[in-house]
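Take a look at the structures below.
Below, subunit A partners subunit B and then partners subunit C, in two separate complexes.
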Partner chain A sequence: MAETAGEKKEYWRWQENCWIDESKNWRDAKIITAGIDVGSVSSQAVIVCDGGLYGFNSMRTGNNSPDSAKNAINGVLEKSGMKLEDIHYVVGTGYGRVNVPFAHKAITEIACHARGANYMGGSQIRTILDMGGQDCKAIHCDEKGKVTNFLMNDKCAAGTGRGMEVIADLMQIPIAELGPRSFDVDEEPPAVSSTCVVFAKSEALALLKAGYSKNKVIAAYCQAMAERVVSLLERIGVEKEFFITGGIAKNPGVVKRIERLLGLQAVQTKYDSQIAGALGAALFGYTLVQKQGVPNKAAA
Partner chain B sequence: MSGLFDQFKTWYEKRHDYARAWKARTGGQVVATMCTYTPEEILIAAGMLPVRVLGAHEPQNVTEPHIFGMFCPFCRDSLAQGLLGRFDYAEGITLTQSCIQYRQAFNSWRAHVPTVKWDYYLPMPNEVQSRFARAQHYAEVKKFRQFIEGVIGRPLPDAELKRGIEIVNENRRLLRELFEYRKETNPRVTGVEALYASITAQFVDKEEHNKELKRVLAELPKRSNDRPEGIRFMTIGSENDDVAFMAMVESVGATIVIDDQCSGTRYFWNEARVQDDAIATIADRYCERPACPTKDYPAHTRFDHVLKLAKDYNARAAIFLQQKFCDPHEGDYPDLKRHLEANGVPTLFLEFDITNPLGPFRIRVEAFLETLREEELF
Partner chain C sequence: MIANYGYKDGSGEYYISIDTDKCIVCEAGRACLGACPKGMFEIISDDYDDEVAAVKQQFRRSLAFDCAQCKPAGGYTTLPCVSACTPGAIKHSW
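After this line comes the complex of A and B, so read on.
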């Protein structure tokens, strides 16, 4: 991992991902809908054919929401040979939801993550933890994936994906390795006392100077993150069928510690947890087309 | 008919200009008042203009040496206005006892705002339910009258006090009449408009305010409101004059139809019961008004009052606008939330600061609306 002069390695950079279900032919579908989740850190486009997941694209959010939305959808369109006009209904979600130029409707990411989790984890899911780029949400839903209650973290981005990116850069360890490496410690360290991205950074440096190994610092940060989101979950109450969405759901260092603190295992899924919001948005689009028909003209 | 409430909006946006102009026009004294338990009737009878201290909702760096950062944002923002010289036209500053944070903001104001010529702390009992409270408050209001007589240098006859009571009572009556329109389906008065009307009553000359209220009330029957009603909300909390927040809520598919806040109904809800004794009329009115949490023990009278407001105004749900670190309201919150939800009024909790993040609040409000709407998405 040594850097040469003038070369800056981006340890925070997570794997962007574009996938389509090769076993399906979208031309056979009667209803094609898309969900676009423009988040603070990542953007996803999901395409659903007749109510089933067909393809998705997940990439880093750019410097404006409309372009991020277009880039996300273009990735999956190119891979599938589909055109935007082939899609009957588009729903925007995420913090940039009202700036998706080709969306017919905007729905909050809270509703979309619940609906997406319901698809990914099954109708038994009742509690969802969405660990996003700059915020966390604890959500309760019913058997249809309809939100019945929710809580969001307030104001600061502590304990979220962006914080983990900063730690990856600080430790000079690729972000995907942070989780596994956090378990490679002699003993579990106490959590860093602050999950504030700025303070955690200085605290992590102090720990390194005090003789902590990098893995131990990462473990202490993962523990702090887990404690922070568990306090959010406990405020709303956790029901047994519990599901985690968002990018941090891919970090076992945080997920296992959350499970340990809750005494509960999160429901596993074969899908990419990061697409839950966009998937929920596309599924809402599908229901809306079923109920209201195809809109006459694309919103764009 | 848009523009019907423009005068209130202008008063709100240019409230300091208004007070200065009033002073130049009348030659009267302006009194900065903290807390809506202040017996304005006495100040008005004495020919003064009571101007409630409101914040400016902008970042400030002047209060740290005076009060703690963990005092509520309204206290900090209010004190900042004094320290920044925004109330340099006000000769007097008064506080009627409510919460300890506000009291320390007041103490700092009277000690450190150089334009203050006189100040008065009115120690109203917090336990208004005590059998001793009314007699105690009667004595304190009487002392306040004597103090004001000293300020103006002449006695304040009962006849003038009674005129003050009449003017303030008329204002309360007119605001209630205006708020009646909010009971309608698709109300002709929005939450933002109602806020402009009620908050300006707290710093505009009451007779002028009454005149404007009458004008608006005369026009309202002709007004047709074609904006979609959406979900009917109630707001609950201490002070709120965050117009941008209210407008945001009403732009995403909701109408705010009623409130339990001191910037709204708690300020004007009950008229003074006119008695032979003017001081008793005034003192009793403040003991009987819908309680602020600081004055609502041992029995929680406000819980049923809030629920009744929600039911009378057909509010589908309530939003708690919690000033961060406001202990009295935060103490009430868990039980009041349970009380409302047990009676079919779902709630959303938002924590307010001096400046509020409209984007994140919008996500919360929209998500809350989605939980309340019909199941078009399922």
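After this line comes the complex of A and C, so read on.
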């Protein structure tokens, strides 16, 4: 896939996604809540009707958190024919949670991912690994999805989605192909630097020059990412059942290597792993409306 | 809930762990707030609406440097925050 002058292919660009459950009619719902997760790389809006997932929109975060939140919710509103006023309660979460102009409340993404994973993976989920755009979090929760222990690393981008985007661009391979291609190697290479994206990038270039195939470099990077996040998980301890949220959960090259290192299989889900935070936020909103009733007026 | 504030980087792991269940009814009268010479602790309302101690956001990525003066090299034999928290909610990883 050669690039021509003036054309820059965005290998890092992942698939944006908007979905609604056509089998449900939101007009029948008594309580409609929304969760908006404005992350550092992606933003999601999830709509929950009477405690069940109704629809979501997942897109790239722009340079303005309020606009990203509006764009995310507008996508799913347009698809469903709903208006913002039809939503009884909105909870903001993620890196830009305090900048969601129409949110009634802001809740940290740690609590929201635990709640979302509890819904997506079931009440048996105890350990959650959220591999976000620019940070990763290891979370323990109870059977209700309440956080009992958490650890977050947002100082360093190693082991995050952004790191994978950098490698996709460097290798000039679409990001969705990185995972499958990482298994197309004769033998598993040792991990590249697991402590820094910048060093890993330099190391990847050196390996290419040394004769490594692209697939082998990708495999080495996926292994480094896996080792990085497993060390985080080991710090809080891993309890069964184990669940992965965030965009990297869609990369089998990293997920399989994490499973291999832990000796555990991650719980599979039919839902999009990237919406866990926004889903958890919407479920928090649902619980709040059940407890406190519908607020008098939308927040904005 | 055990809240771990801090980070891991190329030089090591630097986490302050706070057992927030012990903060809800604090038997030490929120002594951590005054014990830290840098004023790194604050009381926040967490996601479950409990009033608990937390490390302030601006210190969470620089603990290795901010806590250095309270470590043995700074002349301390015990950490002021850990000593002040008599329920034993605060721990350092390094």
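Going forward, the second predicted complex is superposed on the first by the 297 of 300 C-alpha atoms of A that agree within 3 Å, B and C clash if a C-alpha of one lies under 4 Å from a C-alpha of the other, contacts with A are read in each partner's own complex, and residues count from 1 in each chain.
The definition used in the following text is that contacts are C-beta pairs under 8 Å (C-beta built on N, C-alpha and C of every residue); 3 or more make two chains touch, one makes a residue touch a chain.
Treat the numbers as computed from the prediction; the structure is a model and nothing was measured.
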* For the three-chain model obtained by superposing on subunit A, do subunit B and subunit C clash or fit? -> clash
* Could you look at A:Tyr95 and tell me whether it touches subunit B, subunit C, both or neither (first, second, both, neither)? => first
* Now for A:Thr33: first (subunit B), second (subunit C), both, or neither, which partner does it touch? -> neither
* To do: Considering only touches as defined above, state whether A:Thr148 meets subunit B (first), subunit C (second), both or neither.
  => both
* To do: Considering only touches as defined above, state whether A:Asn57 meets subunit B (first), subunit C (second), both or neither.
  => neither
* Asked: After lining up the shared chain so the two structures overlap, which partner does A:Leu288 touch, if you call subunit B first and subunit C second: first, second, both or neither?
  -> first
* Asked: Touching A:Ser80, do we find subunit B (first), subunit C (second), both, or neither?
  -> neither
* Asked: Which of the two partners, first being subunit B and second being subunit C, lies in contact with A:Thr245: first, second, both, or neither?
  -> neither
* To do: Check the residue A:Thr108 against both partner chains and state whether it touches subunit B (first), subunit C (second), both, or neither.
  => both
* To do: List the residues of subunit A that touch subunit B in one complex and subunit C in the other.
  => 107-108, 110-111, 146-150, 152, 154-155, 284
* What part of subunit A is in contact with subunit C in the complex they form? -> 107-108, 110-111, 140, 146-156, 195-196, 231-232, 235-236, 284
* Touch list for subunit B against partner subunit A, complex -> 351, 357, 359-360, 363-364, 366-367, 370-371, 375-378
* Structure fact -> The residues of subunit A that touch subunit B in their complex are 95, 107-111, 115, 135, 144-150, 152, 154-155, 284, 287-288, 291
* Asked: Which subunit C residues qualify as touching subunit A in the complex?
  -> 1-4, 7-10, 13, 15, 47-48, 61
